[in-house]
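See structure below.
Should a chain be cited, it is by its letter among A, B and C, assigned in written order, with residues numbered from 1 in that chain.
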Amino acid sequence: MRKIREKIFEILIKMLTLFSVLILAFVVIFIFKESLTFFKEVSLLKFITGRRWNPLGPPEELSILNIIWGTVYVSLVAIAIALPIGIGTAVVLSCYTNRNVKRLIRGIVDILAGVPSVIYGFVGLLVVVKFFEVNLSLASGESVLSGGIVLSVMLLPFIVSTCDESMEKIYREYSQSSRALGVSKSYMIRNLLLPASKRSILASVVLALGRGMGETMAVMMVIGNASIIPRLLGKAQTIPSLIALEMGMAEVGSLHYHALIASGFVLMIMLLIINGLLYVIKNRMDI
Amino acid sequence: MREKLKDSVFKIWIGLSTSLVFIVVVYIFLYIFINGAGSINGEFLFSAPKGMPIGSEGGIFPAIVGSLLLMVIACAFASILAISTAIYLVFYCTSEKVKRLIHLIIQCMSGVPSIILGLFGYTLLVLHLGFGRSLISGGITLGVMIFPYIQVRVEKTLIEVDKAVITSSYALGVSKVYTLFKLIFPMCKFDIVSAITLAGGFAIGAAAPVILTAAVIFAPVPESIFSPVMALPFHLYILTGEGISLEKAYGTALVLMLILLVINIISVILNFTRKEHE
Amino acid sequence: MNILEINNLNVSYGSKQVIKNLSMNIEKNKITAVIGPSGCGKSTLLTTLNLMIAENGGSFTGEILFKGKDILSYEIDYLRRMIGIVFQKPTPFPFSIYKNLTYAPKYYGIKDKNRLNEIVENTLKRVGLYDEINKDLNMLATKLSGGQQQRLCIGRALTVEPEILLLDEPCSALDRKNTANIEEMLLELSKDYTIVVVTHNLSQAKRISDYTAFILDGELIEYDTTENVFNNPKDDRTREYIKGIYG
């Protein structure tokens, strides 16, 4: 009797695990399948190198180069902003704080990570975009720069925690011997710790890039959603925003519909490449 | 002297960075609390949106209910799968290769952007399976999103149980299932519930997946699992994006933040209770 | 009467052999001490006897007979009831003393409140904890002192009514007084149970055991009555070991 119960439980657990693990396969397969329908009509090459996104036609043109570029551009801007701030904070965390202050700062960074992206978009729209409109008298404050600023706040936690982890280890290992040479802490950080952290900084950049490119709401609300060639102070469009905005209006089964899914597929491939990079970098880190 | 200059610049840089982080957090919270506080009242919290365009008057009650229900369904779906997977990996799986493969898969899942999950939910649940824009489509999609989050934490909790205690249980001739339910779960329950709670917070704030699978601009409190719902993040987006009501938007943002605050407080309380228990 | 017969036992973890061709018999209702330097295979011997060796990644060949029957022919849960084991580090379950002691009985289907209370009371008396805890059965077991925890664990092993009790260095984490307590308890228990104690404390072996087995590098060097082993060791290695630590 008991044996049967044990066996049933074991089988149940195994099946649930299998199901969970297959979900990823489902996701990938579905997206791929629906994209294929699109790629039969429009070649992949044309899709990602063409510049016109005009689903309503005529003529109906469905190419997302601008949008791919927009996705990457916004993330790069965000990283450019977040990186110095993130590294600076990580340095303070790993080298200048005791246990309690560390917990406080980490807590604050965690809070940042916990704020939903709509809230960031909301505040970004009302504060950042408005700021640009008022102070720089642009016709519209919605731009790649606005998107970058808002996104940078969201990427900060990733950069801080990745860098902090490895910097702490490096600091602990070398600070004593460095101090024994009579060298100041700041000197040691600038000339020893930071260069030694290059790899983990790179890893954090790649991680943040991946996260940034997948971000939807916050960016969508401040970037202007125009599928044109992105300029720093101009409007642009990202793949996630494109999907979120247009999926509702695309007729199910239409080419537009499949194009949107295909763009999701392209996004996933881009992320795959980036994560592959991350994996390679991580494995060449001796940590 | 060069050194002194470099040193000063350096210190200014790192000090500024850390201060900036503080400032941003405080600013965001204050901004929402101050601007939104005015909108919060009984009517706002408990009645449905009204007015023309809809939402410019009235309240956000259906959105609050919708969000909470989505969170519950997502947590239920995700926990069952996540806890099972964690149990399997810690107590039943003997092959290192399989463990590594499953860990890799779960890590990949956590890297899938929420919009892609929304896309998946849309094509599979809403269209293919015909559930339509509904609580269940959104709930499952959100569940997939938070599954890795819960799984990783539960697995960590299970692994940290003192092996000697588990061995003692087996040594009494007691079965694995009995040990799991009568010994290990009671020991881990606070951590597991805390993980699920935090994951719920994560789910409730997500807009991208629900835009495609569950949320509509206006809906009443849902009647069944197949009804469409309103959701707080989506409602916030609509109010702002369509320029319907700034005032109500602030209020919605504040309500969302307050719910998240409560969820996090619950998690902290759970952690405290656990420490007391030990 | 021999309750356990071990014939030509070989135990290995992967390619590393830990016990080599060991044969000995354990006599019923007596205390057998297993002594030897660290890492010589004493603990492995115990975990093989209750078939936990496989879960630790090891395997064995050879024959082990419990009450005349091969231990592999017994149902594993039943075998573990019959051959109980207590480890070096006390492992009280993180609930009350009462729950610790009713954990296994409940598993075996005992639901009657009165019976459970009886079991708890008797067990606590057996291990000498009954008076010490002042009737506070709901106290969290982890709040007990180290020695009390260990006695609780021994009691817990007794709740399933084993015939043999294996103890792996039960006192090495305890102070003198607690050690004395437990040794006294073991002497009492041996009237009803067969006891095998692994210990590195030679005085302890001398104090409480009827038989002593000396194991070195996985091999059984000498096995005889305690008196003979300590006063008249037949093997030089035994003599050296005893002198080295004891003398």
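We take it that a residue touches a chain if its C-beta (ideal position, glycine included) is under 8 Å from a C-beta of that chain, and two chains touch if they have at least 3 such contacts.
None of these values were measured; they are calculated from a predicted model.
Where touching is counted per the definition, chain A and chain B have no chain in common.
For chain A, the chain whose average C-alpha position is most distant is C. Remark: chain A and chain B have CA centroids separated by 18 Å (rounded to whole angstrom).
Inter-chain centre distance (chain B to chain C, centres taken as mean C-alpha positions): 49 Å. Look at where the CA atoms of chain A average out and do the same for chain C: the two points lie 57 Å apart. Contacts with at least two other chains are made by residues 2 of chain A.
Within chain B, residues 175 each touch two or more of the remaining chains. Counting partner chains per residue, chain C has residues 77 touching two or more of them. Partner chain B is touched in their complex by these residues of chain C: 50, 52, 55, 76-81, 84-85, 87, 89, 91, 93-95, 103-104, 106-107, 142, 153, 156-157, 159-160. Residue ranges of chain A in contact with chain B, taken from their complex: 2, 5-6, 9-10, 12-14, 16-17, 19-21, 23-24, 26-27, 30-31, 34, 84-89, 91-92, 96, 105, 108-109, 111-112, 114-123, 125-127, 153, 156, 160, 184, 186-187, 189-190, 210, 213-217, 221, 240, 243-244, 247-248, 252, 260-261, 264, 267-268, 271, 275. Chain B meets chain C in the complex at residues 162, 164-165, 167-175, 178, 182-183, 186-187, 277-278.
By the touch criterion stated above, chain B contacts chain A in their complex at residues 3, 6-7, 10-11, 13-18, 20-22, 24-25, 28, 31-32, 80-82, 84-85, 87-89, 92, 102, 105-106, 108-109, 111-120, 122-124, 127, 144, 147, 151, 175-177, 201-202, 204-208, 211-212, 233-234, 236-237, 240-241, 246, 249, 253, 256-257, 260, 264.
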